[in-house]
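Shared chain: chain A. Partners: chain B in the first complex, chain C in the second.
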Partner chain A sequence: MNAARISLAIILLVTAAGIFSQWVAVHPHNLPSGNALEAPSPNHWLGTDDLGIDLWAQICHGAGVSVLVGVSAALLAGIGGSLIGMLAGYLGGIADRITMRMTDMMIILPDLPTMIVLGAFFGPGLINIILVLALFSWTGTARIIRSRILSMKQEQYIAAAQSYGAGFVHLAKTHFIPGVLPIALASIIRLTGRAIVAEASLSFLGLGDPTSKSWGLILNHAINFKGIYFMDCWKWWIMSPLVAILILVGAFAILARENETSAVSAFQK
Partner chain B sequence: MSRTIYKIAEYVLTFFFIITLNFFLPRFMPGDPFTFLSSDAGDVTVTCSQAQIDRYKSYYGLDLPLKDQYLHYIGNLFTGDIGYSIYYNDDVVRIIGNRACWTVMLVVVSLILSGIIGTIIGSLSAWFRGRLFDRAAYLFLVGFSEIPAFLTGLVLLFVGGAWLGWFPLSGGIRPFTEFSSVISRTADIIHHAILPVLAMVLTRLGDFYLLSRSSMLTVLSRDYMRTAKGKGLSKPRILFGHALRNAAIPVVTRLFLSLGTIFGGAVLVENVFNYPGIGRLMREAVMVRDYVLIQGIFIFVALSVLSMNLIADILIRKMDPRIG
Partner chain C sequence: MGSYTIPAVQDMSIRLTKAMRLGIVGESGSGKTTLALAIMGLLEKRASVNGSIRFAGTDLQQLSEKQRNPYRWSRIALVFQNSLDVLNPVLTVHEQIWECLVRHTTLARADAHETVVSLLESVGMAAEHGPYYPHQLSGGMRQRVLLAMALSCDPEVLILDEPTNALDAVTKTDIINRIARIQQEKQFGLIVISHELQTIARLTSRISVMYRGRIVEEGPTGTMLSLPLHPYTRGLVHASPDINPWRDMWGIPEESETSEFSESSEFSGNGGCPFVSRCCQKTDICQTRVPSLEPAAPERRVACNRGGIVTLLQGTGIHKHFGVNGTSVRACQDCCIRVRSGEAAVLIGESGSGKTTLANILSGILNPDRGDIRFNGEPVVRSRASRRKKGMQIIFQDPYSAINANLGVEQAIREPLDILGQDLPEHKTASVIRALQQVGLPVDDHFRRRKCHTLSGGQRQRIAIARALVMDPAILIADEISAMLDPSTQANILRLLKGLQNHHGFAMLYITHDLAVAQKIADWVYVMNHGKIVEQGDARQIFTNPAHPYTRKLVGQHFPEITRKTGDIPSSCVKNKPYVITRNPALAKAA
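Right after this comes the complex of A and B.
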């Protein structure tokens, strides 16, 4: 439980740094504030890039983008997937079959190449990235929720409610949503971590939104800088966004794992 | 048997879904190729007259009704004609063929390595359950599996390649070199492939480790394991002769099923190391907006992942008759 609290604290800290990036960092994130490729110093905590822009400011600004993209894609996919899963489990029959075949297809599809193709065709932009990420991550949630609804439908209180004439909306409000909430929450935490990685990967390939500089985009700029291999600047220019991604993704992974273990042990009691 | 046919039908359906998506994506986009031609790069403006646009539209068959275009597209696809790359001025199939062997080599080698190493560490871990080795291996491998391969690759590249200078910085083979023998050529290819493969193996290892560890724990608790111990067989023989044979089935199927994920990882890792495979080709095609090439690569990747999944499905049924 302790590890979960620490990782939650890290996630909140990163989010706060992203929201209040103007105040957390002294220097602007989009204007030069020093010489090019300065090493880390008390003035520039993480050094500067090839244009003399402070890296600490860029990391703080990028934290906002990463968390925004990750959380909104995960919320969209988690809520959408839960709804689809609930409907499929409740309705059964043809609707259920069609959704399950669709999730089968989405699971087989190699996701990163497909995301690259979609990203290339729909053009860069935060909203497009969020939509593409959500489109590719709702299936897992939908499947878990569906199977939970299927087992809930066997319970007698559902049958009793149905015999009084309860429809889907009423059942969902009073029974289904409270019943699946812990599972939905767990999968949203998992999805957030994965969406952050996916966003970093896409913008590392240069498919991100060029106007909102995320951590992946900083990496993309750094690796395309000629001479990065032969100078010392990679030690701060490459490593700081890389470590930032690692910390955030690691925190989400630990939180998800702890959450799942506590959910399982609560279930077994 | 009917289940197998059903499964194959599902794959065929998925494949048709993919190629249909591939067909409709560029046609749903705002604009058409001629607006792109008219205002390329901002400074050079080529304006086409309406007559020219009409001529090219009929030349490329873009003035036909969608249904005819679609049938035409499917027909071309099945005769192996994916199209002609605008940027590279070459047949898409030939370009992909030149690059595919690099990616296939990376993917296959790292899959097999991570499967074997993961299974060995996983079985040892199950045998020494709860001891220091088990805990250390668990923490290390599961931790690494959460790190995306391209980040591991970046660290490896800059520490091993740029800083220590032990490994080449980019490419799949040293350019402009005459190799004296096949051995030195192979050695050079291996030298270039070590870091990319290592990055992918480190990321995949955790998956195989967890799978073989839990599968081994189940096998070790079975009665025939107690019999083997009672007979006084040596530990390695029990572990690798009796237990592993049963515990390896899920690992083998997972090898095929994780192909899609590892393809995605390879796309990124190739871009980190400038490796001359499909992944870098994909990024180059995206950068120069060579849509025909992007679509060709997409079909190639989807087709290979689909067929490997189908093989895995059939293999599971063959190896374990309990799954009907």
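Right after this comes the complex of A and C.
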């Protein structure tokens, strides 16, 4: 439980840093505020990049982008996947088979290469990134939710409600959504972590939104700086976005695991 | 006080042929005795009698008192309802009967004394009882004296008014047997007026049922008692432990206080069917139309605007199979089932016999392969019959699965109303509170908000029943609802359901493998085996005299002592062995 609290605190801190980046960092994230490639110092906590822009300010600003992309892609995929899973489980038959074959297809497609293709195809842009990420993440949620709905459909309270003439809307509102909420939540949290990594990967490969200044883009920029490994500057320029990603994704992973454990024990009660 | 008239008997026609045995039954106050007095012409002056009373072609109504006298006693005799003041307190038994003989027959005064003795003997009294005064006799003896007096003039018609009222079982049986034997010998017409169905069943071949001065049903005794067509007749049968000794007794519910029809409008004869306020199948027409006696079945007539007890749920030719691993399991084969309004039908069978499948098909949850299911005459397709008030409701076996454990109590019970979306929120809450009261659960806010997973199985089953009750069902299908409960909870829930049924008059199809439970509640029994309904019949017949080998086996395993007996009138068993309770073999041996 403590691990969950700590990771939640970390996530909230990072989010807050992203939202209030102008106040958290004294220097601007888009203007040079010192010499190029300065080492970390009391003035520039994480040093500066090749243009002399403060890295702490960039990390804080990028946090907002990463969290935004991660959360919205996960919410989109989680809610959409839940809805599709619910409908597939509820309707059964041909609708169920079509959706399940679709999820099979999505699962055998290798994520990253396809995302690279799609990212390149739709062009850079935050919204496109979110959509592409959501498109590749809904399948797992849909499958889990579907299986839960299938087992709920065996319960007689569903048969009873249907005998009163209940349609999908009522069943979803009263029975399905409250019933699947814990697992939907767990998979949304897990998806958030994955989405952040995926966004960073795409940006790192140069397929992200070039104006977004996300953590992946900082990495991409740093790696593309000729001769970065000839100097010491990689220690802060590459390491700081990397560690930031690690901390945030790690926090999400721990939160997801803790949440799943508590959801499972709630089911067993 | 202003004077008013009360029609005690209305529009009543009976026909008695020679040697016919007619029973007239009804609750007290239904006009039975008034009818008897009217036939005898013994009603007081302030009562007016309209219509004709014909005896062998003569209209007794047209005769003067004097002309009528020869008919009284010598041709039509009446045994009055037994009470001390019926007999003359200053004459001895012997003198009373002797006087009767002398006055109404041509016997010589001296010969009459011998006849008195033989009369006393024929009704089971010794000659020594002759000098007794009425107040020195017991109730049973007075009844015998009254009977002897009525028989003294060798009448052609004998009217018995409550001949066995307030007598003990031994005396009662003796008197009944004597009356039956004398009737056999002398072949007089017999009218038995009684509210005791056991007496009626033994003495008569036809029954007329009276309610509020009208005949509501008439027909042959046997079928009338096993398959009543009028709700009132059925109520009388259900209230009589003699007819089916195992079934719980339930009286006919009293008139509801909210009845729009006051006493006066009912008595004035324009208030519709007289039974309307106590009837479980009343419709709008019953409030305004007085039903007439119409033929309903062979030799049966019933006065009901709906033609007698209506069939609520009828399934015909139901087939259902399930494919399991390539083989086909035939869960229902050509099943026919019928549940009538206000009836408790029980479907028994071992597990795996297809009972639940049939229940699910009947309630529209499962589609049959073939077959026709009708609720109130309309086909049952999916939820058509269950998604409305006054419809069909099913209660499932497993309360843990039938109620979503994450819902609050009120939310769970209100769900059907929410889905229906007809009522205002405050009406819904009122319905929920009413249903909770009916099933005996707390109604306070705290309880209504409690999550169902904090409740026990018995409580959840009550919630499931309450959820069905808020829909005010006309028929309730209860699928093994007590199977998962402990005996005490089971007893409570069964009594609760039967009580609710008696009060609200809904029909019930109760599905169980427990024959003892079935015996307690069943009016009509269906026996199911391997997907087929192998036998059906009225509950007493199924449990005493099963016809199908499977039923015999089933009943034999549960109640070995019942099938050993050949007689089918349980009261006679009680008479022969009054102290042996044979249900428990250990006790039977000890006795």
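Everything below uses one rule, namely that the second predicted complex is superposed on the first by the 269 of 269 C-alpha atoms of A that agree within 3 Å, B and C clash if a C-alpha of one lies under 4 Å from a C-alpha of the other, contacts with A are read in each partner's own complex, and residues count from 1 in each chain.
Everything that follows uses one rule, which is that contacts are C-beta pairs under 8 Å (C-beta built on N, C-alpha and C of every residue); 3 or more make two chains touch, one makes a residue touch a chain.
Note that the coordinates shown come from a computational prediction; the quantities given were computed from them, not determined experimentally.
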Fit or clash between chain C and chain B when superposed on chain A: fit
Contact breadth on chain A, by residue count: chain C or chain B: B
Which superposed partner A:188 touches (first chain B, second chain C, both, neither): neither
Chain B, chain C and vertex chain A (Cα centres) - angle in steps of 10°: 110
Which of chain B and chain C A:110 touches, first, second, both or neither: first
Which superposed partner A:164 touches (first chain B, second chain C, both, neither): second
First (chain B), second (chain C), both or neither touched by A:178: second
Contacts of A:156 with chain B and chain C, given as first, second, both or neither: second
Chain C versus chain B - closest C-alpha approach in the superposed model, Å: 14
Interfacial residue positions of chain A with respect to chain B in the complex: 101, 104-105, 108-114, 116-122, 193, 197, 200-201, 204-207, 219, 223, 228-230, 234, 238-239, 242, 245-246, 249-250, 253
List of chain B residues in touch with chain A within their complex: 10-11, 13-14, 17-18, 22, 25-26, 29, 143, 146-148, 150-151, 154-155, 158, 161-162, 169, 260-261, 263-265, 267-268, 271-272, 282-283, 286-287, 289, 291, 294-295, 297-298, 301-302, 305-306, 309
Contacting residues of chain A [partner chain C, same complex]: 155-157, 159-166, 170, 174-175, 178-179, 269
Partner chain A, residues of chain C touching it in the complex: 360, 363-365, 383, 386-387, 393-394, 396, 398, 401-404, 406-407, 411, 415-416, 418-420, 453, 464, 467, 471
